[in-house]
Amino acid sequence: MQQAVELLAVITSGVYGVMLAKRHHMDFVGVFSLALIVAFGGGTLRDLFLDRHPLFWIGRHHYTVIIFILALVTSVFPALPKSTEDFLHLPDSLGLGLFSVAGAIAALEAGTSLFIASLMGVITGTFGGVIGDIVCNKVPSLFRPAPLCATCSFSGCWLLFSLTALSVPESYAVPVAISSIVLFRLAAIRWNWQLPHDPVETDDGN
Amino acid sequence: MQQAVELLAVITSGVYGVMLAKRHHMDFVGVFSLALIVAFGGGTLRDLFLDRHPLFWIGRHHYTVIIFILALVTSVFPALPKSTEDFLHLPDSLGLGLFSVAGAIAALEAGTSLFIASLMGVITGTFGGVIGDIVCNKVPSLFRPAPLCATCSFSGCWLLFSLTALSVPESYAVPVAISSIVLFRLAAIRWNWQLPHDPVETDDGN
Amino acid sequence: MQQAVELLAVITSGVYGVMLAKRHHMDFVGVFSLALIVAFGGGTLRDLFLDRHPLFWIGRHHYTVIIFILALVTSVFPALPKSTEDFLHLPDSLGLGLFSVAGAIAALEAGTSLFIASLMGVITGTFGGVIGDIVCNKVPSLFRPAPLCATCSFSGCWLLFSLTALSVPESYAVPVAISSIVLFRLAAIRWNWQLPHDPVETDDGN
């Protein structure tokens, strides 16, 4: 079950990378590279920061093959339809939930503090997209006014820690935390919940 | 004493990150992330390059909490006044001095050559800002004509090595090297000392 | 012999970094940093991903000194002539061949799958330039329509694996694979071989 969701998360992030690459008129090398960067970037940072080896995509080496096939298939289409993005909200939120919780648990296993573990959760869940944005020469959208994303991941990690502190067994706490992130994220997109920010300046995007 | 200065260096770099984020109209997630990146980026590169684990900000985990509180407090203000930048020159130079010397010593402990150790000193002292600039989609100001910064760090590291080679005890050599970087940097800002460069082309900034 | 070619590869990548820095009007700090980033970026990623320490440029510490001297010498000239770029095609292709094969072999030694090893070959051969482009605030040219580069590296790695699978001794397979990458790359530049891409959109560079 968890394997299936993780695989879904990898594929979804990969599709997001493909769309990013196509928006910047990249060729197959760019499409494949961006898909790898978005799908594996956050988990790679976590693994490097925590000194976990082999990196998760080196250990589960079929992941890179799947991303390769995904890039091959999608590069046949001139551009993915804009509606794909809406279609991706559910698997994308699933990916955020699973990657975040997996990142936080990995950090706790490595003996970090709870606060560091929650940061590792957020990094694992969101920094693939951040690195992808940087590669594509834009200020990361995660850092700018937009529907809550890092906040969902962060609070889901703390829900996990709270449940664990209350002696809730992991087999309950983990799915509850993941679900809370998924639902929080979907609601934030649906009702456009954002962190407070200076209202005038949000237009000046890049 | 050294702990207090290091803490001051972390806070100062964090404030620089906050200012960078606010200039790019980021929300709290961006402010906190940029503060983390600028404060810990250089030391993280050094620790990864030298295979030092846990990373210094994972080991001293209150640092991330301090940056979190700093980001919370500063995000209340719509923007930090421009004069904050002048006010920051002293702690900023202190941070440059301390981080550089700490980086060089860490490299020597890991058995690198003197030249590599001096590069690690510069990376630790300055690359947090470099990564912050890259994230904010600008060519790193460290690499462009501006008052000497990397040069101060580099020469301070070599002063440390020279004093050590002359059998000056570390308890003297370290503060002398740090002070030399701080004073050199303050003087470079005060009198606008720059490396030679093509004078026409400095305006075309980004 | 291999040492000589590797040294040539480091110097060539360094010169490319110098040219990139000069195009962005950087001072000596920028020139030296970009030369380091382009020359060592790909190999550093590989070493970090595979947990190989010391990093190759920390182990062979004269490399950084050579790049330092290269940056000093070239910073005397106001700008390298445009024709330098043509002149660099041969050593540049040599560097691509050698770095790619060295990266793939290092990955196999670390026990990765063949597909991961071929990706490590491409990363080692090409990602120094990718990181250099990102630092200079442009979308990596490797990811956009241009004469084949990553493709040459990728196919050369698979030629190496095929020859090894056919029990060709390494002392033959390695030079054949390197030569194939060099010749493929030179031909791709000469006849402008590119991956298929949407023809209209290639102009909109950055």
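Descriptive notes on the structure:
In order of appearance the chains are A, B and C, and numbering begins at 1 in each one.
Just so we're on the same page, a contact is a pair of C-beta atoms (placed from the backbone, for glycine too) under 8 Å apart; a residue touches a chain by one contact, two chains touch by 3 or more.
Keep in mind the model is a prediction, meaning the values are calculated, not measured.
Chain contact topology: the protein chains form a complete graph, every chain touching every other one. Annotation, subunit A versus subunit B: rotation angle of 120 degrees from the Cα superposition, expressed as a multiple of 5. Distance between subunit A and subunit C, defined via averaged C-alpha coordinates, is recorded as 30 Å. The multi-chain contact residues of subunit B, meaning those touching 2 or more other chains, are 48, 134, 137. Of all residues in subunit A, those touching subunit B in their complex are 48-51, 110, 112-113, 115-116, 119, 130, 134, 137-140, 142-146, 149-151, 194-198, 201-202, 204, 206.
Residues 21, 24-30, 33-34, 36, 44, 48, 53-55, 58, 61, 64-65, 68, 78, 134-137 of subunit C touch subunit B in their complex.
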